[in-house]
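Next come two complexes, and both contain chain A; in the first it sits with chain B, in the second with chain C.
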Partner chain A sequence: MRRVLFILLLTAWPALLHAQQAGGVAGEGDHTMGGRFLRLFDLNDTGVSNMRRALLGAVFLGVSCGLLGSFIVVRRMALFGDTLSHAVLPGIMFGFLATGIVLVGAGGVISADDMVRSPLESFGAFWKNSGCSFEFRVEELTKNPVLIFVGATIAGLLGGAVVTFIRRATRLKEDVALGLVLAVFYAVGVVLLTRVQGLGSSEVTGLSGFMFGQAALLTDGDLKLMGAITVFAVGTVAIFYKELLLTSFDNSYAEAAGFPVRAIHYSLILLLAFSVVVALQAVGVVLVSAMLITPAATAYMLTDRMHRMLWLSMGFGIFAGVSGAFMSFFFDAPTGPFMVLGATLVFVVAFLFSPRHGVVTRWLRQYSRAAQVQRENTLKAVYHVLEARDFEGEGVSLRELAERRSETEEDASRLSAELARHHLATLHEDGNQVHLTPEGWQRACEIVRNHRLWELYLTNEAKIAPDHVHDDAEKIEHVLGEEVVRALERTLDHARIDPHGRPIPGLADLQAGLAPEGGPDHILGFGKRL
Partner chain B sequence: MSELIPPFDFQKVVIDTWTNGPFAIYGWGWRVLMGFLVITACGLVGNYLILRRMALIGDAISHSVLAGIAIAFLLTHSLGTLPMMLGALAAGLVTVGLIEFIHRKSRVKQDAAIGIAFTSLFALGVILIHTQMKGTHFDANCVLYGDLMAVGQSLVSVELSPLLAGKLKATGLTGETVLQGNELFLAPGQVLRMAVVTLVVIVLVRLFYKELLVSSFDSALAVSLGINATAIHLGIMSALSIVVVSSFDAVGAILVIAMLILPGATAHLLTQRLPVILWLTVAYALLSSVLGVHLARWIDCNIAAAMVVAGAALFVLAWIFSPIDGPIAKWRARNASVDQDLDGMGESAEPLVS
Partner chain C sequence: MSENIEDALPLEIHDLTVAYHKRPVLWGIDLEVPKGKLIGVIGPNGAGKSTLIKSTMGLLPWSSGWVKVFGKPVKDNLSRIGYVPQRESVDWDFPVSVMDVVLMGRYGRLGLMKRPGREDRDIARECLEKVQMLPYASRQISNLSGGQQQRVFLARALAQESDLYFMDEPFAGVDAATEAAIVTLLQELKEKGKTLIIVHHDLPTARNYFDMLLLLNMRVIAFGPTESVFKVDLLQNTYGGRLTILSEVAEEVRKKT
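Entry: the complex of A and B
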């Protein structure tokens, strides 16, 4: 079934490729920011249809880069993506230069552009006019998306192959091989680019868009190609999702299970080259790798499930692409850097505020946890004071609390105010008397019970000396859950006395404080008697 | 095809490059010298990056230095040497810090952290240059591949006292072009600056040779010898930032990666001894800058990129003739071992019979 789907995809794909190029240069006019914004809603403006093309292109690149980027991030091949994206530059140049090669014969001149558009007629002409020859003509140079796509893909794959070769054939390490291929391929591209600039072709200005991206220069032909490649990449990943997932996370198991691991690896690199090429026009050679790495790394921080990561990553990719296209439209600057900063913005937000791993979230969680522990310790101190006078009277004075905790009265007053703010206690007589509310009493009983149960457990079951168990219980009292407490009680046979001879509060004590009615000022009765 | 690759005109490419026009002014000689200095300085620092498996940190810093330059320009409104160097230094250290921070504080792996940090800073730098630095010679092309052609178009000159000028003239060593009136033309400013940076790098490598050697090969031994590994690490990163920023005009932010990695990688193929590697780096710098300038003269393209392409050719040559990794050496070793095996069989056969 999946084979059939894939073959369908393969056969339907080339039909999309025969794209016709349409003209369209960025329109002249009002260049203020407001003017540009207004133009967006002007239906007859060519600049706006460029903007719409740019947005559509941004969506395509967001989807394909987000998708393939996820795989290279989980496979720790992020910098391989960087190398691949620089290595396509000579391919772009060769694709561009190929359009300058013309067939000169008796029947006239046939350019490479014609050959790609209507291969049958061109080659028919070739057979008819025997004795023709190839020539290179600068004036024929055009930006043909298909030729550039083919050239760029071949160059990207060649770059990947050279990295593998250097690692196999020499003692040089992977990082050196990656940097080397990146820089050398890029240099070959620059040599060709500056050479063509020197020749003075009028079309060469369109090529500088490949460096930092110029989404406004996308033509309909480019868009069709981008759409076709994106559909192909998404389709292939959907069909071979299981294989890609398995080889990404457990390569040796996949190998043992008989999957064609190496073939899957190379097809992934092919898809990666495709998605780099999709993004080229809009983001540019230099920054494509960011569109591969950043959205995927952001998604990686947010979820543990691969399919969810793919969706998130595509979403972030689209957001970065679209917001970057907008920003560059308003600032009249290259698209690529803005898209990258859009992606970085999402990354920074997730890095700081992601619900589980965010730096600020974790910090806040630690802070609130510390505050809760402090409140619980105050409640425990109040309980100890009450226990020391055998639960006579309701209130605890600040002085008693401060003595119990070996602190100043100012500290005790601050702590009791903290309790009052969380409705665990009420303050009376100008804040000198602390009365626990039902919730406060219940929590205090729980903490003391947890502490003493744990001490008893350590003494009876773990055979630790009674004078060594306090510190441990001091920590664990705050984190013991109800289920663990039930299990402890069962294990300890519902014992009522801790190793130091003091009573362990039970369920009845917890509920004794819960007054049936009354406001926060309601006076509590303590039912603690042995 | 003839238009794309022009015919090789020996007179124009080789002879004229060295003889046409005085060497001191507007000369190709300055460009060769600049290339040589850049590749030497970058290559020496790059050697240690390769040894410490940090080649891709070099990649990252060379990109993010751009943001440092742009921010330094915004703050000081000058393209002076000091603000540029300080900006680059700060950007380099910030990059290293950011990579560590992202890597430590989240579950993003180090390779992705490198990718995120440097692309963000680079994008920021490109936007700042595009929007804030219009009208300076820093433009997008300079970022992409530098402008070595601009080197040698203006010279730094010193006013000499008439007496000294007369004496210099009397020696006859300096032609009219070097000494005009009482003005002595020294060298282009960039070349002078790069020469100082290269000299400092050489002196540092010489001074801290032992520390660098030990900490790059055996970090445990370095710690037990009391060498401060963090200081060495930060020192290399700082040197890297300075070298990258001072070669920025000439080779841009991306080609500099080749200048960092290629010399060391080529030398690594030929030998395993660090002193030899360092000398080979200098030889490589000389060869690739001379060959590169001629390549650029021949096909009329960017000089820095041509130097890298020439250097890549040297790399391939070094691999073919490498005594350790090269195909020739491997083929010989295989033949020798087969011979040895055959000999061994012949010898061991006798005791078995007896």
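Entry: the complex of A and C
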């Protein structure tokens, strides 16, 4: 868990820094926030159709990253995801540069872009072009989604392979290998990016989006590819869910049962590379790993079942993506940082308020528990005071209570006010006299009974010396449930006297508070004289 | 033909050698395991006990030799092997319930792409009942004690409905009640004609729990019925005099024989 937190911190920090960087989603026109909001409803505005594309892209990346990220988190491959996502950068650059390679021959010029878009015609032209030659032309450079996708996937997988190679060939451990590969691939990518920007191609602006994400630059071609890959990833996980679950939980058992564990592992890495590439354009190389880890880590904290974790993680991924795209639109800044901030926001909320493990939730639970124990201790003190004077009279004065608890009268006053607030007692004579309500009386009896029963149990059954049992009973008295009490009473043969010679309140005493007058003779409470 | 296969030994290992980073950890293991026996694998730390069962199932590569399970190469007969790995080998914070884990025992029979159905759930429930863990079926696995975790692993192996079982230290770190429950269960399985090979680290109990013992220290020191193998000189050979507990046990053996 600490490692996950650390990685979250690592990824959220650059997000904050880069959030300030400029870069236009909204483009020209009205730059006030209200103006941008109004533009959302203007159908003819190109900025708005960009926005719609951005939102659709955000949904795709939320789904694929959330899904694959869940497996990354439970397989403890978070750092691997980080390395893989940085390693794709050189691949993007090569994919971009590949479009500049053209075939020049008698039949004219055929670019790589043409080949991908209409392979058959290009091949025909290539066939006729005997004696043609390859050339690199800057003016042909263009952002072709398929070439960039192929380049990025190859680079990502190559990065993964180098990690495996380093680990096998040296004594270095996985984390070191990951660090090495992340750094060098990213460095190569940045060098290529600066070189490519120096080429002077008009398409270069689209490339800077790959660093920090620019969802507004998504083209219809990008979206089609993202959609196809997302559907493929979801389909694969749905079909092979059982295998993925088994190998993630217990790989050697899966292997012993005859499952092709290696093939499953590499398929997962391939899917991971796909989902990284899907998210690239919108989130950027630097932060894409956060979209893998953060939604899944949030889901991991909220549920104990893998299938629920997948759904939650996809939901958080979509939320992060969509909110990030919106924020980026309004603040006119790169998308990636805002998506990561959106995801981290959900994480923080879950971290603080998750019903079972949330920090604040737990703290509140402890606080209310402590307050309850304190009230019960006050009730017990009231009971002791009453018992000391043989249950004569109903009220207990603040001074008596304070003496009993060895506290000041102010403390006693505060404690009794606390009882009154919870309807366990009523205050009389300007708050100087405390009278227990029937509920208060019952709880007081229960606590004293629990305490004395436990002492008796420890002394009789566990053979612990009577002077050693009090401290333990002080804690146990607040947690014993009715079932355990019944069992204790049976074990102790319904004994009525504790090891220190004091009577143990019984069921009749508990109910005596409900009818203070005229209870049966053998009861101890208000109706009772020993 | 089918008779032939049933007559075949549950496990036959010939000249198996296994190496980690070119350093051999198991040398020329030969083993012919008869059907319906409860077999303990005994040896000091680093003797290759876990390595033996892992490599037998093909989880570790062999340098030489072959392994046959019910007359067929082990790779072709994995479905007849049930496996209980060491408890520490998995992450117990993994988001699955007890039921999910036991159902995993059915996955091998389902094959690729099929989901466990009602019948699989019924079998999984029966297996949980056998290890007295049915009331915990919907619990998340991180809320279990060590003994309960071991029972869940056992239930998963039972759900495989195999004929040959490998168990890696099933008694490690479990409470006395669980240990007794496991022993009873192993006896029941044996009476149904299953063959069980169990890595065990406690010498004194090994003598009472198992029909046969395999004394292992990188090579097979001895393999045979417990009474003929649990001998001072053989144990001395296995542990190489390194183990202080050995002298106590040896003394005990001397007194009783």
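Quick note on the criterion: the second predicted complex is superposed on the first by the 488 of 530 C-alpha atoms of A that agree within 3 Å, B and C clash if a C-alpha of one lies under 4 Å from a C-alpha of the other, contacts with A are read in each partner's own complex, and residues count from 1 in each chain.
Here is the rule we use: contacts are C-beta pairs under 8 Å (C-beta built on N, C-alpha and C of every residue); 3 or more make two chains touch, one makes a residue touch a chain.
What you see is a predicted model, and the numbers here were worked out from it, not measured in a lab.
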item: Chain A as common anchor, with chain B and chain C clashing or fitting; value: fit
item: Partner chain in contact with A:F259 - chain B first, chain C second, else both or neither; value: second
item: Contacts of A:K173 with chain B and chain C, given as first, second, both or neither; value: first
item: Contacts of A:M309 with chain B and chain C, given as first, second, both or neither; value: second
item: Partner chain(s) touched by A:F240 [first = chain B, second = chain C, both, neither]; value: second
item: First, second, both or neither for A:F249, with chain B first and chain C second; value: second
item: Touching partner for A:H357 - first (chain B), second (chain C), both, neither; value: first
item: Broader residue contact with chain A after superposition on the shared chain, chain B or chain C; value: B
item: Chain B versus chain C as contact partner of A:A325, first or second or both or neither; value: neither
item: First (chain B), second (chain C), both or neither touched by A:Y300; value: both
item: Which of chain B and chain C A:L157 touches, first, second, both or neither; value: neither
item: Closest approach of chain C to chain B (Cα atoms, Å); value: 9
item: Overlapping contact positions on chain A, where the chain C interface meets the chain B interface; value: 76, 300
item: Chain B partner contacts - residues on chain A that touch it in the complex; value: 73, 76-79, 81-82, 86, 97, 100, 134-138, 169-173, 175-176, 178-180, 182-184, 186-188, 190-195, 198-199, 208, 211-212, 286-287, 289-290, 292-294, 296-297, 300-301, 331, 333-334, 336-338, 340-341, 344, 347, 351, 357, 359
item: For the chain B and chain A complex, residues of the former touching the latter; value: 1-4, 50, 53-56, 58-59, 102, 105-109, 111-116, 119-120, 122-124, 126-127, 130-131, 140, 144-145, 254-255, 257-258, 260-262, 264-265, 268-269, 295, 299-302, 304-306, 308-309, 311-312, 315, 319, 322, 324-325, 327
item: Residue ranges of chain C in contact with chain A within the complex; value: 54, 57-59, 75, 78-79, 81, 83, 85, 89-91, 94-97, 100-101, 104, 107-108, 110, 112-116, 140, 142, 156, 160, 166
item: Residues of chain A that touch chain C when the two form their complex; value: 74, 76, 239-240, 242-243, 245-246, 248-250, 252-259, 300, 303-306, 308-309
